[in-house]
């Protein structure tokens, strides 16, 4: 894949999200028919699936109902509860910032990786640089009413076939959501889910990049097939995030959306603007 | 304010968000004119304003560019960065779940507060029960091009006057955003910002509840004026969250939106579905 | 076991540690012969064994050598590294505070359990109330050069036999360390280690309490045999911590000490004084 | 200061703690007279003084008495409380590991600083390499019954004068504790305490290193005077930790010890063996 660095200027940190402009927003909202809203984000809690090597989602109450049962003061009757959350940025449904993966020491658009450090996080291409996404969404359902077997590589032809079945064709600025069934069927098993997943291969990724999509999502933990071809490590991350500036949306929930039969919809995702983050938790929506 | 418990059944945990149905969604998206998207969420990082008693936002890298500079292995060239985030649920722009505040031992809709405990968080009315918000948003700018003085109580008459200036009137299901200017002018000072803020009083809150809005937001840290009237502690929280089931959106960024002159727009907010959480971080959008 | 509440006054929160006075300290230090110091604390890191339901030990660098490799500033040449640790209080080698376990709503010495809340931790019998331990230590090796099988109950007779083999007899104020071999042989397997461990039963616990020991340690994760007798849940915790005020030292490393053949030694443990904590990490020492 | 690298072999990571052998241990324990134990560690909790730029100590209950008041299950009567702690390694009374500070890209004994990374922490000279300290302790009270003014530089002559007043002289392997009074008088003010502290200067540090002490502690947050001489940044850290391999004990509590009038005592400190840590929390003891 030829790098698309410089396409939006030397200082650009939003990548393919630049393909979404007022025209795409208007076109997307014009797609709304029934007014049904489908939530595409996973519930996030201590039991949420995370790869075994990552921190689990942690919720710790700093004030709760038990404190009142035990006698806590209620000034003028007022009671409240609060808590602290702690999680790896790449937990649950999230969007990979362009700072997440790279090679040859340079992030998307040529920013040196030495800008990502302990005290600052990612000074370039961090999660706060991901602009809100309001655009046409396309659902490409590779395994209608089913689940792809582990390690199935989804190629460009599979995407094309799914698009034809759905009667849609990617346009610049679209978000393409690839349904594998994996999250729905394996999402309760952290070890199995985060291993040998079905997902897109590098040719499929290239086809999506050439279609000028603004982002790619999938109902698996890494969008791309695992394991990768021999001699490659997360090649789709390298190509889409670093070469093309195309963010990835991982662990997205697609089964309910697939069940509606609607393949083209208004897609909205407002990534949490975590300064210097390499990913942003998000609860994407499909508005039908 | 008469309690509205039971209005959507004895098991309801979404409260006034039930006022948003397909009709409201269609009407909201039909408001889109220019296609401009305004982000209403605060960037979230270690420097983000938080009340002095709360945990500051914490970002700690578990892998960064420095590790590669120091010689970390790059299997097949692949490099990546990741981090862990830890923050109080009520940090940055967030929506208070209905479980956040109450009195007399019962949350909205009568759920006993003993369901909110250390190990489970809020078993009732937690953040994951907040449905996605796609509805008409109204901006009521109380202090156009200015900032209200500290501790200014915004009454019902002030809301009505602002609505008249804007030529809008709240309808059932609307989200009403009240601009005080406080966040824009004081948001860099955690002590000053989180003390004596201008905000709505209980009569203003009652007026909003009677208009059947689905949620209320403001560019301050608690929506309501601080300090409250003598003998009261967070009375607007008690009334709106607990009696009426109306979520509050706090620390919302309204200055850019106000500068557009658009008072009526498509409002979208998809709260992060934190299981058992008392608040959800969110990046709301106004689509103009 | 008859409760020993009130023995050291109604406000006492140190329990059996009161049995250690200047006389015990002098006698303990007088035991030193060779000057060899044996560390009895586990190394603590992300790989340290913790029960599956607990948070794993987390270490996250806030400044490291990689940052300098990536170009961080070195004012006058100065470089440094720092990190944040996060762990469950009951991780690694730790001493259970008297606030850790109880029944009937009252902690040791009759303090109501409602004093242990979210905002304060344990207001009574917290880890900061554990006084430093400098006293005679006795090693009772139940399985010399071996490991007890899973779920082996160590009874009073086993303790007596081990003491006779070692030629020692517990005296008031002693710390008794019970070696099972479990940590040494199973400590790399978090699931196996934290399940069905060999340990003392309630009669052994009673014998120790009647001997007026100041604390009891073992090289397993709960001191007591798991599972407990039918109809009982952590009965040794209930008896020793709550009824008798005798702290428990868990996950203590005893194999090197056992290999010295020394059964009587100067034992030193200075629990980290975590305010309101239910346990304190500690690195106990045997000085031979 | 001439570097003392290689003195204990090219692989040594314990530095001056090697000066403590069986002979020093025997001599130290032989100093015990009264059997009084003085705790030199700060209580550690959310209110503990930390520099403003560092994370505050965080304690969050994962189970507490309130949960039972709210109805939590009590299997066979058993109740318990637990919590999670999170803090910067350099909080409260702690010992700086030799990996904490350096210059010219190399830690003590020449280990490259690139071994200290996000995923591993300090692979060389981490806190788990600090051997337990049982040795003679000397208290050099620079400001008897008083507090040194801010930014007072304690020179070698001041140390010598204090030693003469006390009738003691440092010997190889001793731990020297320097009392400034700063913690006792300023320790409640995080901003004032962590700024312009009185402490030793580089000549005093050199004098201590030449006396071959095993560690140096002080009742301030950095042992050394702040600010340092112009053109220098933490020069005592650079010299003692990196050149000489002498650990520093910071925020140590000395007022009670000073009040005893005992200047020579058995000192015991068992640093928590945090794998890869740059510091270890510790509760040191003086046994008189």
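Every chain is named by a letter (A, B, C and D) in the order it is written, and numbering of its residues begins at 1.
Criterion: a residue touches a chain if its C-beta (ideal position, glycine included) is under 8 Å from a C-beta of that chain, and two chains touch if they have at least 3 such contacts.
Here the structure is a predicted model, which means the values were calculated and not measured.
**Student:** Which contact partners do chain C and chain D have in common?
**Tutor:** In this structure, the chains that contact chain D and also chain C are A, B.
**Student:** Given the pairs A-D, A-C or C-D, which one repeats the contacts seen at A-B for over half of the pairs?
**Tutor:** C-D
**Student:** Once you find the CA centre of chain B and the CA centre of chain D, what distance in Å lies between them?
**Tutor:** Once rounded, the distance between the two centres reads 45 Å.
**Student:** Please set out, as single numbers or ranges, the residues of chain D touching at least two other chains.
**Tutor:** 55, 58, 60-62, 64-72, 84, 86, 113-118
**Student:** What pattern do the touching chains form: line, ring, star, complete or other?
**Tutor:** It is complete, because no pair of chains fails to touch.
**Student:** Where on chain D does chain A make contact in their complex?
**Tutor:** 58, 60-62, 64-72, 84, 118
**Student:** Can you name the residues of chain B that touch chain D in the complex?
**Tutor:** Interface residues on chain B, with respect to chain D: 55-56, 58, 61-64, 66-67, 70-72, 86, 113-119.
**Student:** Would you pull the chain C residues touching chain D in the complex into a rising list?
**Tutor:** It comes out as residues 21-26, 29-30, 32, 34-37, 39, 41-48, 54-55, 58-62, 64-66, 68-69, 74-90, 99-105, 112-118, 121-122, 128, 131-132, 134, 231-235, 237-238, 266, 268-279, 281-285, 287.
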